[in-house]
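Two complexes follow with subunit A in common, the first pairing it with subunit B and the second with subunit C.
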Partner chain A sequence: MEQKSISTLNNKKKFNWTSLTIIILTLAVFGFLWATSDTFFTFANIHSLVYDTSFIFFGVIGFTYLMIMGEIDLSVGSMFAFSGMWLGMLCDWGLPFAPALIIAIASVIGIGAINGILVVRFRVPSMMITLGMMTALAGLSNLLSTNLYGYYYPDAYRAIVRPTISIGGEEVFVLIIIMIVIIAVLEFMLHKTTIFRKMYYVGENLDTAKIYGIKAAKIKFITFIISALTAGIGGILVGSRVAYAAPTIGIGYEFQMLTAAVLGGASLFGGKGSILRASIAIFFLQLIRNGMVIHNIDPLLSQIIVGIILIIAVYLDTRVNKATTV
Partner chain B sequence: MNRIKAPLQKISNKFLSKNSFKKLLKINGSIAFLMCLIMFAFLAISVPKLFFNPFNIQALMFAIAPEGIVAIGMMILLISGVFDLSVGSVMAFAGLMTAMMLVAGLPIIVCIIIGLLVGVAIGFINGLLVEMAGINPLISTIGTMYIFRGATEFLMVGRSVDYNNFPEIFVNFGRKGFLGVYWMFWILIILVVVFTIFIVTRPTGKRLYFIGGNENLAKLMGIKKRKIRIGAYMISGLLAALAGILMTAKNDAANRYIGNVTHMNVIIACVIGGGSLNGGQGSIPGALFGIIFLSFLQNAFNLFDFESSMQRIILGFVLMAVVSVDGFMTLRRQKELGRI
Partner chain C sequence: MDKSNDNFLIIDNISKNYGVVQALKNVSFTVKKGEVYTLLGENGAGKSTLVKIIKGEETPTKGDITLDGETIKNYSPMVSKAMGIAMVHQELAIFENMTVAENIFPACDYLTKTGAVDKKRLRKEAQDRIDMFGMDLIPSQKMDTLTVAQQQMTEILRAISAGSKCVLLDEPTSGLNKDETENLMKIIDRLRAEGITIIYISHRIAEVMHISDRITVLRDGEYVCTFVNDEKLKEIDLISRMVGRELTKSLYSRKAYTDTISDEVFFEVKNMNKKNAVYDIDFQLRKGEVLGFFGLEGSGTDSVSRMIFGLEAMESGEVFFKGEKIDKVTTTTMVDKKIMYINNNRKTAGLLLNSSTLNNMSMPVLKEYSRGAVINNKRLTEHTEKYVDAFSVVIPSVYQKPRNLSGGNQQKVLLSICLGKEPELLITNEPTRGIDVGAKAEIHKFLLEAVEKGVGLIVFSSELPELMSLCDRILVMKNKHIVGEISKEEISEEFIMTIAAGGI
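What follows is the complex of A and B.
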């Protein structure tokens, strides 16, 4: 305890080895698959893996920020389904693409604001409010998908995820580049700007943060909007890729994101988490699924494996953190 | 009913206001009861012929019974301050286990006991993960939810064996009844009565509220928090397994989709019925009224021929409204007490 306080006084952080867990795990699985399979380490396979990751990645941004603040948003999965289909519905009603997109984004922001205002105003557990929003949005997107049955989205909508860029003679989706840039920018801002540090302070100790004059309620409210917005953008991208209102979009995404955020070091008690590591964790989950297909393991087993990994990761996390804080 | 509720009222609400209507509202689960009455009156007046149709009553009983049984266990967990998302997976997995044993030709009673023991074992695992390993209930029960849903699918998909055509006695257990009420509904009624009496009269029941209300204080009072919570998880697993077995018997087939949305429905019903994720509040009849309200709502949508997705939209908003009102009341009470 004494040593810890001295080290904080000197402002020298001891390097936290647990933060590397997910990276080491990913590298290990990656190396294993590379060594045991010929088809794994091909450009096409890796490219499609990263491409798959880039869709859920957008939802994970807001989700991780909320977890850093000690809140949770379970409505992200339904939001993925809703935002894409709502944009499709607006297009189906004959709106030009640009205004339709603006209306869709605005509605998504509105939904995030409802979540935020209820949680902040009435101090209700965010899990309950967003569970309600999740149910409502799932119902809405169900309604939309039955109404949009047999309708294919217009070309302007479908073109969003299409553009590719050639790097070293291979065609790479622009979306992947955007994802990498966003990760780099967010990671940089996390370390260099005060706005993002405030989130950690709020998550670590709400009362202390308030004493230091951090407007916790306002930050939380904005983060709920960001969470809905990023999930909404992800949903529009998925809609653009799938090109019709598939009723299966977004099912179970909230649990995937939760798993990814927790594997990436976030804690349900707040104060911890990282976008970079959460993104790596999504890639890790995709790797496992990919590896099971490559090695002819029944993909139905992947749920069991993900569940076990989740429990072990959190168990280790609790043990390590208890050792350092108590 | 009042005799059962009176001690609960004493425990959960020491600070009653003078207004008697407000008093009534503060009795745990009364909001759900009122909502049930309103739905019932609405249905009975607007579509009496359809609503009191024997087939409709049957459908209602089949809808209420399994989820009600699961809700009892969930409410016990919520009172003690934790919850269990794996109940739906337990239903499917325990049902499948019983079905597999039946197909293998074991005696019916043995098969049912094995199914129930599977549920108890999963509940025990959940309890260990939450209490001994110290993993947050959200994460640990999502983990077990994944694991046992995956195990059910792994054992069922693409296998050549069909788990159906069970012995007639077992199927009748799910489909037949006594005095015009199905066995599963009798079981639900008995369980509600037994657990309500247990919680109201036994010290262990009161300890559940203490643990949920203030964990550390309960520990200081010498309450064995770990033991009680692990026991609560085991009861929840047992009841979920029972519901799964009843569903399997009623369907005369193991089904891997059983309980897909049960965990959500049951938690929503418990919160409507006066439970809280913060623990320390709720009552078993409240949970039952929550489930009955949800079933009435679903029934109303079916009878009026609405799209089923509309039902989920309204359900979501009802949940948000109930939770917000509850939060608002708590906030005001704390302000009155000067805690904020």
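What follows is the complex of A and C.
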């Protein structure tokens, strides 16, 4: 085996067209709205669309990682509400902003660690554990929002999401730039770095990964922390934007993220997924909502449509998996 | 017997294409009523496809099947069932938390007037059927308390209903030990005595020669020949027809490596225990030696293999590698020390069936082929190509998924993953399970080549010929203890079996 082998393999990677589905869908809806409306393709509208996307985007990162590992975290929506309000509460108690922020983030990490330990150590299905966590956090948030009634967050907190930067004569929120950079870095890391490659292995077959020495439990535990952390950061940013403890923050986010992750190629069975495509899918859902507003369709209907999209996406995922499991 | 009724099943010029792949090419033969007819062939020979067509699960591309004088027009499982064809699949399909009776009658055929299941009647009918074939089963027993063999008997009872004329058995013994296999043979005899035609698929030659009336060999989707199973038929005739080349000597041959074994202890396990799993496990592997473990089902060999690699926790015991104690036996520490494990079921653990061969090969060697945390995909591809070539794995590209490979090729990928780590010790649990004779011989060759290069090898296997051809020494387990040790000179199938199955 010393000599250089003469390989007869034809190692041209076949292009996977299904990975383009969400991009094509998004472009189609985008084109449709552009063609049918004057107000859609304006800087102001697109800018605010992307800006809206950038909050939930943070949550999608951890959520997609967990789905790649074959797990799910339903507590992300409640986490969005909790983290911002908890930071507000700490400020209300008189703590300076910096230590308050550190405590808030530490709390969020702690909650992720609880999810992770319960799932990994006690082998409880993550859906049930995080459903419990979702309810508990929602209760906590309700408690906080009652206590914070009428309180406006301090300037230091409100200032986080405000900065803009001038690009080509237009003011663009810095948050958007950060989002784009993060997507690029994470997508690169997902394909090129060992830790993320291991995530896919564990997601596809935990027992196989273990046999080859991959610390599956540790990776899973860390991913639950990442999921809570990214959702927590998203929630803190939403809090900064809204500036008070609005009880409606984060409601239904877990299902939006689930829809986005699956539309972006993740599977309920693990082993698949992409941050880039999940982010595009979040934008896609935002586009649909925007289009309904533009065309004067009752925005309440958008929830129904997102629900239908989730069902279709999951149905297709199950079918694709069935086709390859025989 | 009336000549026209004598032929139960006529396979006439059957071909089956899947896209461009031709699974069966103009196969013709005739099965007589009440005989045990075996289809023999390597994996991919077309046996399973043919049986599926007979069962009506697949429609042939060309050709006709005549069943009991009637040519089949509509291929469907319902039609074949109505015509008295029953099938027992290779993989068990049972309801584990239900009783034997409920598993025999999954459709709950017996109802009371109010529409509830008539349990009394269900049990009685089940008992009648059990008695008919003299099986060792109790209708009210839960399935998960049974042995694999008993579960299989239940499945056979489910398959054959009162009107069954023919039973198709697709590799029924793959999960059975020797005793259980013998039991199954008795059941087949009984079915034959009842006048039921049996079509039997297997690649275990010994049992095929034991049970069959006639044996048809298939190779690469083509009919090769049919043997009448009498005293003149030799094992070697069958093997050479299966693999398509004349074999002059026994398939299993091994050079003596005994002289290269040193006194140096390479790997050692001291006093390993786990309640209800294994007791007092002590053994040493010397440098250059191949050590085998043999035991019947439930003897504890599987647990030993898993515990010494850290896949199962031990309650007490010590593991030494190259004279040093391994403090924490986990798969991670073992792989770091270049000890690799070949699992007995590559599908549940061992391969990523839906990922590329490249990804599969990468698993244990990511660290070696990355700088910092960034993976070097080009070098990983070269690594994969090198091992795929060395072990003659037949794949079109490194992006091929193992799911679409034959069993033998999958097993070679599994071997490549482990040897790709350049291991110092290889623990193999059933290294050639469920693959054909040719691939088996190849894998044995690769394993012994690794041994020649200085890799330590421990083989856990339920196949005696495999152990006898690979090992210098065999430890025999029974009732969760090591009960015997046999050196190369003393190795004989009968001797090992006497220790493992009782006696002495």
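In this section, the second predicted complex is superposed on the first by the 303 of 326 C-alpha atoms of A that agree within 3 Å, B and C clash if a C-alpha of one lies under 4 Å from a C-alpha of the other, contacts with A are read in each partner's own complex, and residues count from 1 in each chain.
Operating definition for what follows: a contact is a pair of C-beta atoms (placed from the backbone, for glycine too) under 8 Å apart; a residue touches a chain by one contact, two chains touch by 3 or more.
Not measured: the values here are computed from a predicted model.
More subunit A residues lie in contact with B than with the other chain of the pair subunit B and subunit C. When the shared chain is aligned, subunit B comes close enough to touch A:I129, but subunit C does not. Residue contacts after overlaying the shared chain place A:T208 against subunit C, while subunit B stays out of touching range. Applying the stated contact rule after C-alpha superposition, one finds that A:K192 touches subunit C and leaves subunit B untouched. In the superposition on chain A, contact is made by A:G139 with subunit B only, not with subunit C. By the touch criterion defined above, A:L175 reaches neither subunit B nor subunit C.
Residue contacts after overlaying the shared chain place A:Y200 against subunit C, while subunit B stays out of touching range. Within the superposed three-chain model, A:G271 lies in touch with subunit C and out of touch with subunit B [touch as defined at top]. In the superposition on chain A, contact of A:A100 is made with neither subunit B nor subunit C.
Those residues of subunit C that touch subunit A in the shared complex are 311, 331-332, 334-336, 341, 343, 348-355, 359, 362-364, 366-367, 370, 373-375, 377, 381, 385-386, 388-390, 395-399, 403, 417. Listing the residues of subunit A that touch subunit C in their complex gives 1, 5-7, 9-14, 192-195, 197-198, 200-201, 204-205, 207-215, 271, 324. If you check the complex, the residues on subunit A that touch subunit B are 72, 118, 122-125, 127-129, 131-140, 142-143, 146, 255, 258-259, 262, 268-269, 298, 300-308, 310-311, 314-315, 318, 322.
Looking at the complex, you find that subunit B touches subunit A at residues 129, 133-136, 138-140, 142-147, 149-151, 153-154, 157, 264, 267-268, 271, 277-278, 307-320, 323-324, 326-328, 330-331.
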